Structures are given as C-alpha cells and as structure tokens.
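For clarity, chains are labelled A, B, C and D in written order, and residue numbers in each chain start from 1.
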Amino acid sequence: MAALQTALALLGAVLLGVVLMAVLGHNPWEAFTGLIAGSAGTARGLAATVRKTSPFVLTGLSVALAMKAGLFNIGTAGQFLMGSVGAVWVGIQFEGLPVWFHLPLAVAMGIGFGCAWGAIPGWLKVSTGAHEVITTIMLNHVATLFTGWTVFAGSTLSTTRPGPLWDSTAGPVSASTDVLASARIPWIFGPPLRIHWGIALALLAALLVWWLMERTRFGFELKTVGAKPLAARYAGMRSGWTTVLTMTWAGGLAGLAGAIETLGVNHKFAPEFGGGVGFEGITIALLGQGHPLGIVLASLLFAALDAGAPKMQFDSGVPSDIIQVIQTLILIFVAVPALATWLLDRMSRTQHVSAVAASLRI
Amino acid sequence: ALPAMPVVNMDEPAIAPSFRVGLVTDIGRINDRSFNQSAWEGVLAAAETLGLTEGEGFKFIETTDPKDYADNLGQFINNGYDVIVSVGYVLGDATIEASLENPDIHFIGVDQFQVQSLPNLAGLVFREDQAGFLAGMLAAGLSRTGTIAAVLGADLIPPVVAFGEGFALGARYVNPEIEVMATYHPGDLSIAFNDPEWGAATARQALDQKADVVFGGGGNTGNGAIQEVATDPGAGTSVFCIGVDTDQWYTVPAVRPCLVSSAMELKTAGVDELIVVGPELQELLAVKAAFDEGTLETGYDQ
Amino acid sequence: MNAAPLAERVGRRHQSAGIRRNMPLPVLEVRGVTKHFPGVVANRNIDLDLFPGEILAVLGENGAGKSTLMNIIYGLHPPTSGSIRVGGHRLECRSPRDAITAGIAMVHQHFQLVPTMTVLENIVLGAETTRRGVLDLATAERGVEELCQRFGGQLDINLQAVIDDLPVGMRQRVEIVKALYRGARILILDEPTAVLTPQETGSLFQIMRGLRNQGTGIIFITHKLKEVLDVADRIVVLRQGAVVGHERPGATTEQAMATMMVGRVPALTVPKTTVVPGPPILEVDNLTVHRDDGTTAVERISFEVKQGEILGLAGVQGHGQTELIEALTGLRPVSSGAVRLNGRDTTHASARQVGREGGTGHIPEDRRAYGMVASFSVAQNLVLNLCNQPPFTRWGLLRLEAIRGHARSKVAAFDIRTTSLEQPLASLSGSNQQKLVVAREIRNGLQLLIASQPTRGVDVGSVEFIHHQIVQQRDAGRAVLLASHDLDEILALADRIAVMFEGRLINLPPTAQIDRNRLGLLMAGIPA
Amino acid sequence: MASFTQSTARFTAGLSLLLLTGAFLVEYAPFADIQAIRMLFGARVLNFALCAAIPLILGALGGILCERSGIVNIGIEGMMLAGAFAAFVAKTATNHWALGPSLLLGTCATLLTGAAMGLLHALFCLRFGMHQLISGTALILLSMGISATFFDRDAVAVGKFAPWPVPLLSEWPVIGPLLFNKPPITYVALLAVAVVGFALAHTRWGLRTRAIGEHPRAADTAGVAVLRLRYLNTTLGGALAGLGGGYLVLEAVGQFQEGMTAGRGFIALAAVIFGNWHPVGALGASLLFGYAQAIQNELLLAQATILPRHFISMIPYLVTVIAVSGLVGRVRAPGSLGQSYLRETEV
C-alpha cells in the first residue's frame, strides 16, 4: 500500500512536470529520456548519481535524527561547512603521514567540527531555552562567514589579511590549499567517473543511525524524548543531555558530509562548495519519513534527478530549474498520502451511506 | 570523444558541419545581463563568423548547482564538441581537469586565472583592477564632498576584489585625501550577488554619509545600489553612480539619471576572438592567454 | 441485540405516555442514535427524551458511551445513524455552533478551557459582545457577575484570573458559568462532580434545581449512584452503548442500579489478610513543594509508609497530591523538608535515583502524558523506565531478547490483551494500557509502590485485577502509597488514610474508625 | 504567557527608546561629534535599520497570524518570494500606465499572491493533512522553482514608491525624517503591527484566534468555527508575508531577482519566535536584527580594522543568538502549534 502510494505520487509529480514542460514549449519525451539517460543510462550518469547521493544521505540523516528527538535542525548547511573546513584543516598539513592514519584523522576532524557546530544550539536550548530553529539559522550565517574567512585571499580595501587556510599559490582566488594525497578518499572508479568511497561511508552512516535508533539505549531515550518529553522525565532519562547529544551527532553527520565532499570530490575547500545543502537535507528527511532506508532511497531519487538534469537540458533545452519544481511536486505528493486516503475515504463513506440507506429501505 | 575538427572552411560548409561550440554558465541564467550573457554573446558572434546554427553548431547549459560543473562540461565532452567555453572563475578547477582529460578539445575559461599552462586551455582574464582604477579616478574627479563609495558583491570572488581595490587606488591617485567607503556583501555566494535590497540600503547609508559617487560592483546587489542612487533627488546633479560589467546605460535603464560610466570587461569580444582564432592558432593558445581589456565606457548624455 | 431492546422500547412507550399527560412536549428527542468508532460500537440505537424543567441523570460505568452520546447531541460527533430533535425540529446540526444556536449548552467531562486566557475571556468566547468591533468585556463582566449573584455566591470566581493558575475545582466552576452564560434551555453536564468535594457538589445541585425550576432541561452524567438518587427526576442507565433501563429515584435502590450498570452484582470489597506493618520505608518530614508558577502546592507535610501497609491518600483533585507525588518521585524539586527512602536521603534525588536505584515503582496519575509512549510497542513500553538496567541493556546496547522475554512474561502475568508484543500501545484499550503500566511498575526488588489514580477510566474487571495486585504487594511486605479521588477505592484498600486539603495533610488513625461522611468533610477542609 | 508577552513588549519599547534617545543625542547633545555616537545612532544607521526591518516585520506578522492559529509556518520565505515575483510581474506588465495605478496594481498582486500561498498552505495542512513543516518547505521550493522558471530577465520595472511625507509630523526634528517621511509600505508595516497587536488582544477575531491556536477543541465547543478561522488567518498571514516580499520590489529596489528574499523569511521566522509570537515582540526582534545589520555595515563602511570583516559581518547573527539565549527569557509557543485538529480524536 505504501509502495503503491509512493509510486502513484511519483507518477503524479512526473505528469505535472510533463504538463509544465509542454506549457514552456519543450518536448517532455526528450526531456525524460534525457533525464533517465543522464542519471542511469550511462556509466557517467550513474557515477554522477552515486556521487551526489552521499551528501543527501548524510544531511537527510542529520535532519531526521534531530527530528526523532523532537528537534528541528535547519543548521545542516553550517555544520556541513564547518565539517568541510575541519577536514581540510587536517588534510592540508602533516605531509608524510600514512593514508590509514591521515585520512581517518581528517574525516574525524570534519565530524568533530560538525559535532561542535551542532552541539552549540543543543546546549543553548537546554541551558537557556533558545529555540533551535533560530540558533541554527543564525549559526549557518556565522559558519558561512567563518569558513569564508579561513580561505579568504585577503583584501587591502577591507584591510583583511588572507585566511589561515588560503592557498597563496593560487593567485587571488579564495580557496584552500589542496588536500594532501594521503588525506584524500580513494577512488572506487577514478576519473572520468570519479566515484569514491565516500558513498560507502554514507551508507555505513545510515546503517549506524538505524542501529543507534533501534538497538541502543541512547536511541531509545532519544525517541522517548522526542515522542513524549514528560514520559522521558518520568522514566528518569536525562532529556537535556539527550538533546545536546542528539544535536551533536546531527551536526556530526552533516560535518561528515562536508568532510566527504572536500576529501573525496573537491580536494580543497572553497566557499562555493556549500550552497543549498541544508534544504535538501530537510526535504529528504521528510521524504524518507525519518527512516534511514527511506532516506537512502529518497537520496538516490533526488541524486538521480539532479544528475540527469544537465543531460536533460542538453537534449531538450528544458531549463534545469524544472527539476526543482518536479522535486517539490514529488515532495508534495508523497507527503500527502492524505490525498489518496482522502479519496479512499470519500469512496468508503459513500458506500457506507448507501449501505445505511439500503438497510433503511428494508 | 571525437577528434577535434579543424576550423570550418567557409566555402564548404557541408564538409565539416560538425564543428561545435558549447558553453557552460556559472550559477545563473544565460541572459543575466552580466558575465554569463556577455560570454554567450561572444559565442553568438563567433558562431555568426563561422556560420554555425544554434542547437546544431552551438549550445549552452545553465548550471544550477556548483556540484554540477564537471558534469555539465561532460555533456559537451561526451557529445564531441570542439570548443567548450566555461564561464566564471569558480568553474576553473573543473575546466582544468576536463582539459587534462580531453587534450583534443579546446577549452576557454572565462574569468579563470590559470596557474598551470595547458596547450588546450585558454584562461580569459581581464584587468578588472585597471577598469576599477579608471572608475575610481572618475569618481574622485566628480566628487565634491570628498567621500565616495563602492557597494560590492562577495569578496571571495577575485574579479570583485580587483574592481574594488582598483577603484580605491584610482580614487586616491587623483585625490589622496579622499574617503573611500567600500562594503562587500556579508552573505554567502548564493545571495551575495542577488541581494539588491541590501545594495540599495547600503548605498543609501553611504549617501547619508555624504558620499556623492557610488560604484556598484556586484551583479544585482550592485545594481540595487546604483538604482537607489538614481532615485535620489540629486541624481545626475549632485550624486552620481558608476556601473560595472556591461554598459549599464543599456542593461539597467533605471539607472540612467545618475549613471556616468560603466567599468566593463570586454568578455564578448574576448570569447568571440578566442573561438574564432583559437583552433587555427594552436600556438597562441599554448601561451596563457590574458585578454587584458579593461576599459571604461563613458555614458551618454549628462 | 434485537429481543431485549424491543421489550425495553415497549416499556418505555408506556412510561413516556404516562409522562406526557402532565408534562409539555420534550425539548430534546434522541431517536435511534448509533455510533461506531473503529473497533467499538459506542452507542447502539439509543432513544432518549428530555423534558423542560427536569433533571435527567444518565448513568453508566466507564466506557458505557455516555460522553459519546452527549457529544453527538452537541454536534461534536456525527452519529453513524439516528436523529436528534430539539423543540420538535430536527437538528441538522453537525457542529457545536449549531447546537449552541439551538439552545444547547454543555459542560464537558474534560475541561474545554483555554489555559492561557482569563476566566472572563473563556466565558465570553464564542458569545462575545462587541462595541464598534472591539470586544466589550466590561459589559460581559457585568453580565457574568449578575449571573453569579443570581446563584447566591455559589459561583464566586475571580474573572481576571488566568485559567492556568486556577485549581481544578475552580475550573469546573468556570465551565458551569460558561454554560449558564449562554442561557441555554438544554444543559448537559458530563461528570461535573468528578473533581468536586461533596460540599461543592451540594451547591452545584442547588444551582441545578434552580435552573430546573426555571424550566431548563438538564442532562446530568455521573457514575456516582448516591448523587443520582439525590438530584435526578428521572434516570437512564447505559451499558455497553445501549440503554438498559429507565428508573425513577423513588422507585429504585443503589444496588439495583449498580447491577443494571454492570450487568452483574459487583464485588465491593477486596479480600485482605492481616499483616503486621514492618519498619518505615518512606519517611517524609516537613516537606514543602511549589508549583511551576511559584504558588505553594504542598506545605510542611510529614508522614511515613511502613512495610506491609497501604497508606491511602484521599482528597479532591488539585489539592497538592499531584505535586506531592511528583516531589517524592524526583519529578519536581523539593523546596524544603526531607524525604528518606529506606533510611537513605532522597530529598533531591532524580527520578532515576528514586525509581531504578531506590526500588520505587510509580503508577502515574496521567498515564497518557507520563506513563507511556503511545507510538512505542508494548515491549518497549514495558521497559520504558528500566531500559538502562542490567538484563535489558549492556554496554549501552539494548538486549532485545531480554526485553521480549520480559514483555512475554508480563503480558501473560497481567492478562494484557494484545495481539503481539510489537503492537503500538495506542492500539490497546485504555484498561489494557493501564494494566501494562501496573505490570511494569510491579517488579522484582520493589520496596515502595506509589500508585496514583490506578484505576481511573478502567473497566470493572480490570479494576478488580489491579486492586488485587496492589493488595498482593502489600501482603508481600512492600510499602504502598495509594492516592485516589475515589473514596470507595481508598476505603476498600487502605490500611491507614491521610487526607490532603490545600496542600496540608491530615493523618488519620486506621481505617475501621472512619466513615465516608467524615472523610468527605475532611476533604472539604472541615475538621470533624 | 502574560509575563512573556510583557517581556518582549518591554524589550521592544526599550530598544526603540534607546535608538530614539540616541538619535536625539546625535542631533543636539554637545558631545554629538564623537564618532562612535554618530556611528551608533546616526540618522543613516537608524534609517538602514528600519529599511532592513520592514520586510522582516511583514514576514513576521504573516508568520504570527498563521502560528497564533496553530499552524506552523516555515514557508514565510516562499510566501515573500512569491509576493515579490508577483509584484514585479504586475508592475512590468503595467509599465505603460501612470506610476501610481501601476504600483497599486503591483501591491494588489503581491497581496493576492501572498494570500494564495497562505491558502495553499492551509489547504495542504488542513484539507490534506500534510505535515506542516513539509508544506512550508514545499511552499519555499515551489516559489523558488516557479519564479526561476518564469522570470523574464529582460523585463524592467519602471519606478517604485517614493516617500510620502506626512504633513506636519514629517517636520518634527529627528523623528520626522526617520518615521514620517517614508514610502507607503513602511507605514503599512508599522501600522500593521499596531493593528494586529490590538486586534489580537481586543477584538472578537483576536480572542477566537488566540483560542484556536491554544486549544482548538475548547474553541470548537464554544461555537468557534476552528477550521474556517484557520483558513482565514493563514490566508491573511500569507498576504502580509507576500507584502513583505512586495516591499523589496515595489519600495526598496524597484526590480526583481531570483532568490531575492535571500533568507529574510527565515530571519522573519526567527523574529516570530524571538518576539514570542507577539506583533510587538516581532517588531522589536526585526528592529534589533536590522539595527545589528546597520551597525555592521557602518563598521564596514568606516573600514574598521579591529577584526577581519567576516567577523564584523557576524554581528547581526551573533546578536540574535545572544538575544534569544537570555534577553527575553524562554518563549512559549501557542499550545496547539503544529497539531492538526480533528473533532473525532479524543483529547
């Protein structure tokens, strides 16, 4: 039933997308074949899909984890950026370290920075009651500025010196030094496919989150705090501590996403690598209904749509913005099983009424 | 990838119809009245010279997500395009990587400062500092209050910084005592060039602080700033504005009341020339191309 | 279900024919109302008449369908079938708004007051007077005061107080004023006496009689038989959603009505063995506790509970019992005084320290808010507060086998009716949910059991079962603190009784020497 | 609740008083030439603060109407963006009209589109039982996608609202130019704070709105049509938020840009919470944010070199975090916020 509903939702979104394309004067068939070919039809397309999946999975998990504890983490964008910078900070120094030590250290630093950035709103909430929605939004802006500063090329105009991670050999460009080879995530398939082991980390994280939620005491407490704070207090759970810890791990997941992107794909940090991360996390968490498996599937779907967009535009001329509209439509249709149940309800109600009517006649 | 074809012989268009040019934009639209559009117009001009038709001979892809740069370039690479133009300095890395992987395809990186020199990659850079310098000189010359302002996009983008620094230096060159107020947009890259309200409010703040010439240097944020100046009662008589990137007399008509000039980069001409000339003169491309065309276009009346 | 109701219907026809001769037409007619909820039939083909100027008592035990019927009359629920007529006109009303327009007012079983608004705002809500678009609260205030005056000071309320700050009894008053303010000709009172002292109940009855004499038709719901005999003109008894009898107060007895309600003769006593109390387990010394808003809830209370005895804590809702128990169980900070558990000081101990480490079981008063997580499975709920104890967790990991085994044995031992251990608790009936909470709290190594309203909203069979379990704990030598608003429950179970009134405690000598009446007076703060 | 409301109102009053006193000092006090005082309270700073605050105020009011009725609104950003886009489309379509009617049409378009977004939110949440957070997110994504897809970059809007000096009042020293010589949407926004604040406290509509947000069942049993009022308020709230976007196009800039709201909807949401769901509190929060941004700009314009400019730019955000963490104390959301109300479920 749930699968059928989801399938219907996807179909509905696609149909509306078709209508929209036709309205804009494009050929929907070309667009969709392009979309599918671009995301799954070729090795490159598949590679792009896979590459785009991991940040979706991780930020989605981050939002979902917080949501289970009754917290709304809009801060994945900032945590992602902090994770990126943390990973790069370690990744560009310590030349000569072996890979097995350097890479995990860099990843751990990325997670650590993300954790710290997530812990702040958690701690503020518990100690002062500051609403996490506000603090995470604000900390996103702060993280953008801070990480931008770390790689800033400097300017005499605002008399700002270059940031500590800035790559002085890159001219006026604001970007960090390249990550050393020993801290890069190895390829599964090298260029031109550029699939790296980050996807494995993301899937592992999904598994870990599932295990955390279903198999550990912390997960049990987290869910209790989220579902019924009073019951958690009654049961002697430390809900303040759980809140802080949950936000910490939520931040860590987003930080890991940042670390994976910098150590696996970009191999350096530049301010333009963080755009749009947070929102997709929220959408995917909602779409995956908070379940790690659902999140992985939702991430794959969204990654495929994103990966297919360039080819779609190339083949049919449909602007890639359409993809965002279609993604939104999918979100709406999946989120409104009520649309389906409402229809069913309508039908059963009329049946009921007619049954009553029939019995009255007898 | 298909091997690159030599340039079309105009007499025999049927023989080599497969010479194709592709363009990948930075985040934003092809008709953004800014750098993407300028570069695209260069492609259009070159296409006319070469007799190419849109769709068959040349195409563009608009980027919507920074993660897509490499994949968008890949679309053209997979389809055997001969020349690929990538617009915007943030595509630099993806372009270098693509040109290393595809030695047979020519790449033109607009606004891309290339440290390495590659035989099939031309980084088209401009002397924004020089254009900014001229704008600064003009501003200092116009100013009666001794205070001028620059409202700029993100300082993480080198051309923007170059414009700003040039502006300040040019102004001080003319009048060492002059006060130059310059602000960069505080937001992240996705909004720094798209926040005209901030630009307008900041320009107003500068005007209130006695600035009488405002240089708007940062996409729509800067446009917001000079539009605000244009609505000032003293626009064109006591307060003035200077545009950027394109001749904003045409691209942003709303600023005509105050506009005295625009600090331009001749991207269109640069792209055009590199496409047409490039494949014929391989050796020219072998050197790092620096198309230093910083100019100052003077506005029309007033 | 066809034969019996038919006989009843015939009987009633005679009866109502008799009434019609000297009474006006019914103001409210309920005809053939049936209501299905998923899995339950709450009302079965109910017929009911209400005449102007009478008090009709609707009796029935928990879950009999009384509230459901009233909600249908009031337009909150659409009936599955059947019709409602008011003053001879069919009510096509399917919202409370329409019911109000038709002249129906209702005091709901669960307070329907907006906690952040003032008393006056709550009273005028939905019936506002405005002047030039602006709320005219001054006029409303005068109206309300007049109304209160008319009832001779029995409805004295501070109109500017915020609901959140009011004790429960006071809130009930607000609800009544709210209903009266609308000047209805049909007044429905759904268990208004549940939170009132016997004395407050008395003045409510006076008000009801006054209204009746002015011609208002009143439906009065309760499951307290004495009250029915006291105030009603006519009685209707519901059982399992159906009308099972009509009575008149003069012509029936408590025993007869109880039999009708339950369908069999209920056992009113719980067999207890004599146990000699041991040393004290819980010692409370001069305890003072404050509410969230800073008011004093519990004032310098001292008592002790010994091994092998049940201390019954009687009192009307809202007199500090909730806060006292929260303080004892670590849910609320203690302001001053001391609490000792087994000789160890637990004055400032956390819920975890009192519960898991101190060997205290706590059946919370509000099961839905505290005692369970409706979306969790039966098995999970059975370890809700035990999940970090040895068999269920090791190295921070849950041991699912142990949890499942525990659930299996508890479900069997406590007769919890569930289709599987993985079922979400929300899908169990209320009584089974309560049995689950009891099952979880009664565990090995227990020293002290604190049971607060352990049988509220629970069916008769389960009440008996739970009572039996509590007594068994006492017999096994554990200390039991039982807090209940139900006097009969206290009288049946407790070895010793203490009464709470306005945050203070009156310790009484052993049960045998106390009668209901005296207890009622004590609960109203009148020392006898 | 009462005490919280008072504390946010006190905060707003205190902040406004501080700023105005400062402005008078700058004008009249003997030590007014001190650079720091000018920087803190100069007319330009206060002007900037007010300009930056207006869209936030309108967005926050939209959020408040919605949330006080019990419906979470994280879609303010989308409502604002849609409003801005509609204003631009209407304005450019009527460039050939006289400026006044054309701007008026733009305002109507922005209000109507905002209202439509609000109605859509209400339909999603109330009719189709969509999770309120999802609905809000969907609104944002939808308006981003649609405005990007249909935005005609070649269109230019001609003209925007000019200041309307209020007779006499605009002559007042300091306050006159600051508050009474503004374009119309600014007046509307400030008036709306007063109107919504008063109406919530003192009208039938306000009483009922508070009731349905706090305890919908109680309101229902008192004869209030809960759903109808929720539809109404969400729609009205959408219109106000839309106007916040329209302000950007019709009054602040005169043009539209993709993503032009640039996160202001989220700041407005923060203002709703910071202001404890009260219009006056939200006004204070918006002013605080606008003021912090003004100070930051002032420091940047003055080439302050104490800190790298990135750290100076953090000021508005850090000020907000500090403010919510202690200045106003704990806030309290409307009791039924985020819960759908169905008559047949038991309490």
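Just so we're on the same page, a contact is a pair of C-beta atoms (placed from the backbone, for glycine too) under 8 Å apart; a residue touches a chain by one contact, two chains touch by 3 or more.
Fair warning: this is a prediction, and the values are worked out from it, not measured in the lab.
The interface with the greater count of contacting C-beta pairs, when A-D is set against B-D, is A-D.
Centre-to-centre spacing of chain A and chain D amounts to 29 Å, using the average Cα coordinate of each chain. Rounded to a whole number, the gap between the C-alpha centres of chain B and chain D is 35 angstrom. Our note on geometry: chain A versus chain C, Cα centroid distance of 47 Å, whole angstroms. Put simply, the C-alpha centre of chain A and that of chain B have 32 angstrom between them. Under the contact definition stated at the top, the residues of chain B that touch 2 or more other chains are 155, 182, 184, 186-187, 190.
Looking at chain C, no residue sits in touch with two or more other chains.
Within chain A, residues 141, 145, 148, 152, 157-158, 160, 319, 321, 324 each touch two or more of the remaining chains.
Pairwise, the chains that touch each other are A-B, A-C, A-D, B-D, C-D. The part of chain A that touches chain C in the complex is made up of residues 214-221, 223-224, 227-228, 230-231, 233-238, 356. On the chain C side of its complex with chain D, the touching residues are 37, 74, 76-77, 95-97, 100-101, 106, 108, 110-117, 121-122, 124-128, 130, 133-135, 162, 164, 178.
Within the complex formed with chain D, the chain A residues making contact are 20, 24, 72, 74, 124, 128-131, 133-135, 137-139, 141-142, 145-146, 148-149, 152, 157-161, 163, 279, 282-283, 286, 319, 321-322, 324-325, 327-328, 331-332, 335-336, 338-339, 342.
Considering their complex, residues 42-45, 47-48, 51-52, 55, 153-154, 156-158, 160, 162, 248, 252-255, 257-260, 262-263, 294, 296-298, 300-303, 309, 313 of chain D touch chain B. Every residue of chain B that touches chain A in the complex is listed here, in rising order: 27, 59, 61-68, 70-72, 74-76, 78-79, 89-90, 92-93, 97, 101, 113, 115, 154-158, 161-162, 164-165, 168, 180, 182, 184, 186-190.
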